[in-house]
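Take this structure first; my questions come after.
By letter and in written order, the chains are A, B, C and D; residue numbering begins at 1 in each of them.
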Amino acid sequence: MKKMLREGDVRIPAGCAIAALVNLRGLPFAGTRIADCIAVMRERSNGLGGGFAAYGIYPEMKDYYAVHVFFDGIPEKREFEYQLRRHFRVVSTGPIPTRRNDEIHNPPIIWRYFVSPENSLLAEEPVRRQEFMVSFITGVNAASNGAYIVSFGKNMGVFKGVGFPEDIADFFRLDEYRGYLWTAHGRFPTNTPGWWGGAHPFALLETTVIHNGEISSYDANRRFIEMYGYRCSLQTDTEVIAYIFDFLCRRLGMSQEEAALIVAPPLWDELAMMEEETANRITRIRAVFSSLLLNGPFSIVLATPDGIMALNDRLKLRPMVAAENEDFVAVASEEAAIRKILTGINRIWSPRGGEPVWGKVDLTHPEREPLYAGEGGSDDAEAAKSKI
Amino acid sequence: MLKLQKAKFEIGRDFDRCVGCGVCVNQCANEVHFRDPYDESVCADDIKCVGCQRCVHLCPTGALRVVSFASRTREHGLWTSTVINEIHLQSDSGGILLSGMGHSRPDTVYWDRILLNASQVTNPSIDPLREPMELKTFLGRKPPLNRKNSLDAPEKYPQLELEIPVMFAAMSFGSVSLNVHKSLARAAMSQKTYWNTGEGGLHPEVRAYRDRAIVQVASGRFGVSPEYLEEGACIEIKIGQGAKPGIGGHLPGEKVTGEVARTRKIPPGSDAISPAPHHDIYSIEDLSQLIYSLKEATAYRKPVAVKIAAVHNVAAICSGMARAGADILVIDGYRGGSGATPLRIRNDVGIPVEFALAAVDRRLREEGIRNEVSLVVSGGIRNSADVAKAIALGADAVYIGTAALVALGCHMCQNCYTGKCNWGIATVNPRLARRLNPDIGTLRAENLLRAWKHELAEFLGGMGMNAIESLRGNRLMLRGLGLTERELEILGIKAVGE
Amino acid sequence: MRYVIIGGSIASVGAIEGIRKFDREGSITVISDEPDPYYSRPLISYYLAGKIDRAGLYYRKPEFYQRNRVQVITGKACNLAPDGVVTLESGEKIPYDKLLLAVGGTPLLYDRLAAGRDNVVGFYTLEDVERIRLQVMPGIRVAVIGAGLVGLKAAEALYYLNAKPTVVDLAPYPLSGILDPVGGEMVERHLRSKGVECKLGMEVSSLEGTPRVKEVVFTDGSHLDCDMVIIAAGVRPNLALAAGTGIDTGQGILVDEHQETSIPSVYAAGDVAQAQELLSGDKKVVPILPLAWEQGRIAGMNMAGHEAVYRGSLAVNSVSLLDMAIMTAGDSRAEGLCAVGDNPPYYRKIVLQDGGVTGLIAINHVDNMGIITGMIRKRVRIEGHESLLLQPRLNGVDVRSCLPTAITGL
Amino acid sequence: MTAVVRRVEAQDEYCMGCGLCRLACQVAHSAYPLSIVKAMKTGSRPVPRMSVESSADGMSFRSVRCLQCEDPECVKICISGAATRDEETGVVLIDEQKCVGCWSCVIACPEGAIIGPGTGRGKAYKCDLCLEREFPACVAACPNRALILREVEVVESTTREG
């Protein structure tokens, strides 16, 4: 029997659950909490993909790029390491710790490197360096040589695999990690052979994307973005969304607000009611970037070290609920998932289609104490208790 | 000498129904129907019939039938009746075979071999009756995308704004009646799209619709003046036309009546000959000079389009045109129409627009400049499905010429060049031109656009989109049926079932 | 306001309608010597021929007077005091504020020739026709004196009744008042072809026989045997009432453009009035029906205090005579451009003056001739396009489209 | 006093001389208004109330019909009272029963809109605006909208009553 095609060979539509939780003051909390959140929405996944992105998890190694990689086998790992060492200085390396879980089968070789750019090969200028790193990552992933870079960024990492998200969290021992921003994804793909690399979140440098939906405009978006050096090797919406934001924000230097305006612009009817100058500007942007409009149902959460942006398609064809209390902004596919993990909610709402929800982290905030009593570390728990 | 040419049609008249009202007699410019002077009964001379069906439509009692001439030559796969008739015609006359409209052979219509997608389960289709559907399209040069991109200098990038990505193709006053121009211009105005003057100038009576006019500059330069250039919303340089790639045009002197002559700025009664090439464009750099001359003349306030016929190396040519400064590239496939074209050229020169479009779109993307120019295709766009498929293959918009004329009443008799258009379309004879009441013409053209708008919205909604730009170049929405691997590869689409 | 109208025919009807348009209250009194008011005089030949019945003679509904609240007095006015009183033969005095004289005309020759004869009748009133009807029978020989419209229509009616009419006139051809010799001879041929005899260019000297006339004697000594004589030699305006009142008269009662006579508040209209003629600007008596009604209406409106101006008389005649259509308008007898044809015979003449049409004759092929009448009325200049108007059938070709709009003004 | 009345407006610019209006008029005023074939082939042909004229060069056409004048010459000149103007509808009518065929209206009508002398019927006919129909038959039949039915407001002037 012919082997079934996996992501990258074929485009696979999928349904999903998404969740994101960010501490606005940049205070870390354990991964247990986001795992609890996504577990509420178990029926939105089918056990064929789950994953997490975590920010602030490697404070002691924050000057180095953390590289999470999947390997099909030892030769592939060896080949990858050869390539990696050609361009980067590897500071530290080792397997990502995992825990045995009966629901998780056939994991790949999962390895982690902390690297710094090799100065002789990379220009000091950050734009050029990022450019190089993007091409390195996409080059490795597009080659599909049995090595797949899951994430490549400072003080952050992506943990994903085939399984329900709460099992993935357990497998990767996320209860032992503490970060100030977490996103989670549970997947419902329409084919069976889940591939670990095909799970979400999708990461490019420090930007990660989780997404629920199916972008009908996918090929229009893909063919546009590929004109600018990207290769959409996974053929997933999440990948192309990540590239679009990378192109707009990193390459063209736009703000996320502007990027949101491009991927989910106001309807022409709405524009007609706006002030003329604003309307003209938005019209111009849309005329130029019309191929980047994301059409079809989606709810996405774009995470970067300084926070999240959550966005629904213009018609709000997929569910997304947002909530905030004094310290947190949470976003999830369902309200119940937020209620599970957030107390003292000031506001909980269903954002309108095309209107971004922001959860910006104030990394300079002087107060660095955690608030959440159930958080992983006992120190934190006590600190929290004392505060209550 | 015995003429070997044969009748193509025969007239059937039901004398039980014929009341002798004479409508057929007074409506047939080819003088097929006539009253027998001896008994006042109505008779017909079949050989003159071109099959335009005017009499059939106007006969108040339905007494008439125009059917194919039944008498045919003995069956032969190669030497068909058509082939034989053409040879007889040429041996009768010794001339080039002329025809109107576009390619007539039933070669594969690739639009029909391409199928569109629709949403099921994993994403919802969108109901156009409930949700806003956006068909707005902008044509014109877009700034290159870099950190210093020019979003804040809109004046450098003039755009045409279309509410439906369907425009009326170039058809000159002279080749068509002023009433056709009025009809299309008004429909373009009300439906917020554009119409094209063709190479014949802008008649004062349609000047009111100049905001929606694309003015054409072709090799004959008829009607071109600084004022004319100023009056259009866009200037189109016509290099070639799908119906007659590589050859010029010829409006016979008898069609150059006072009004036509004035509008074209040539003496009445003189033949209006458009040379095969522009005699100031013998190379790509010459084209560039003309483009920038026109831009200079209009202070860079209007986009400049360049129209070519779809020929073998169309991708490279289009890339060159884009780099030469053309803001809008127009590709006219071999099915594109014409008022007059040598039959052999019409049927045997040029390539289908489907392939030309796929090749050009791919080439421009490979070169990373697709977003900077707009791509318009024409030549045999028959319905909204063709439009949707063209856009999914990569076009920004389409031109319709023949379809628009059919909406106005054309019955495809392909005798446009005779000037005896019984439907008042391809004629400047005042007796015939008045048959197209522009109020009706406008309504019909508007209705066509409205209907296509609804259908495009249905297609989009079905595919789970609510904006036309999400379909543009979205080849994943297409599948090929019954196409070879190679054809699929050039079209850049998968086969059905993949 | 008290309006008094003397006369009950068409001008009177027009005046009632004119008054009532602007004055619904004032009292209107009509004094008429005919017991049958407001019937159409031109219809009497049709009535005689039996083409219409008596009811068909009335071209207003029976309740016309009632609806317009008109008091009708049957009688004859014999005196008119300019200070506002009309005296009837009965001695009755009727005061008025506004007076209209619509007294019509008196048949010419009738008084002289008919006195004392019971088979000599006029052809002017319904009473005349009733007298003829009592006497006429198939085969009867009737001398019709006068080959004008009235005489010929009388002859036609007699023809339909299988009588044997002979038309007698001093003029050398019929309808000499409106036709030229070419047209007249065409009509004569037509009459003769139908069996209607014509004695033209003959002056009647006397009628012989009493009390029944047996023959007509002409001045050249010849004579015509007959069983009945119809006098239809035209009318002259009835000026008796105006005489001695100080009202200016010429051929008829002179009126200004408001149809008012030289005495304020006294108006005249119809066959008695001498009003301005359209083409020449002279004042003329033009005794035809549409002008009578028009004048009456103008007079009525002015009487009711609304200024209305008479546009001027244009003689327009149309008659169908034994299936021959004859039309004339304006200066039809003057010289002009002609077209003549046969089978069926037709004649067309256009009289031109100063680049415009001033007169027309059309015999057969008369479709659309009103277009030319309109041109006469509007004084349209048609230089260079005269021949178009002569085409045997205007029908099918639009004359107006042939004329440059700049000169037609249409 | 004003009244809203029907008028057929001719856009002669778009008259193509097909004559279908004339035919429709004939049929509408025939004994078989629902069947063109029966109307035209049964008995004598019905008389149309309007006509179409072509220019001498055959390049343009003109619909000739009664304009329903407010002060109609045909009514003024009619000797029989057959021609009347209806106060309410503003329509000028000729009563076929009363008409004696003198053709006075024909020579009076400046539009040439009265049909009669050429028909051999001895009666004058004219457009009655098909008052009993939703659209006048000619308007409904015109394939090029050269004939348009308009409802216009007119200031009534009293003319001869019927």
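Here is the rule we use: contacts are C-beta pairs under 8 Å (C-beta built on N, C-alpha and C of every residue); 3 or more make two chains touch, one makes a residue touch a chain.
Please read these numbers as outputs of a predicted model, since none were measured by experiment.
Put simply, the chain nearest the middle, going by average C-alpha positions, is B.
For this pair, subunit C with subunit D, the centres built from the Cα atoms lie 28 Å apart.
In this assembly, the C-alpha centroid of subunit B lies 43 Å from the C-alpha centroid of subunit D. If each chain is reduced to the centroid of its CA atoms, subunit B and subunit C end up 69 Å from each other.
In terms of their C-alpha centroids, the spacing between subunit A and subunit C amounts to 107 Å. Among all residues of subunit A, none touch two or more other chains. Those residues of subunit B in touch with two or more other chains do not exist in this structure.
Shared interface positions of subunit D, defined as residues touching 2 or more other chains, are 60-61. Under the touch rule stated earlier, the contacting chain pairs are A-B, B-D, C-D. Taken together, the subunit C residues at the contact with subunit D in this complex read 13-14, 17, 20-21, 40, 42-43, 46, 51-52, 56, 58-61, 64, 289-290, 293-294, 316-320, 323, 325, 327, 329, 362, 364-371, 373-374, 377-378, 388, 393-398, 400-402. Touching subunit A in their complex are the following residues of subunit B: 119, 122-124, 126, 131-132, 134, 136, 138, 142-143, 145-147, 149, 151, 154, 159, 365, 368, 370-371, 463-467, 469-477.
Here subunit D touches subunit C in the complex through residues 51, 53-56, 60-62, 64, 73, 76-82, 98, 100-118, 122, 157-162, going by the rule given at the top.
Put simply, subunit A touches subunit B in their complex at residues 11, 13-15, 190, 213-214, 216-220, 223-224, 226-228, 251-253, 267-269, 280-281, 284-285, 287-288, 290-291, 293, 295-297, 314-315, 317.
Residues of subunit D touching subunit B in their complex: 11, 13-20, 23-24, 36-37, 40-41, 58-61, 141, 143-146.
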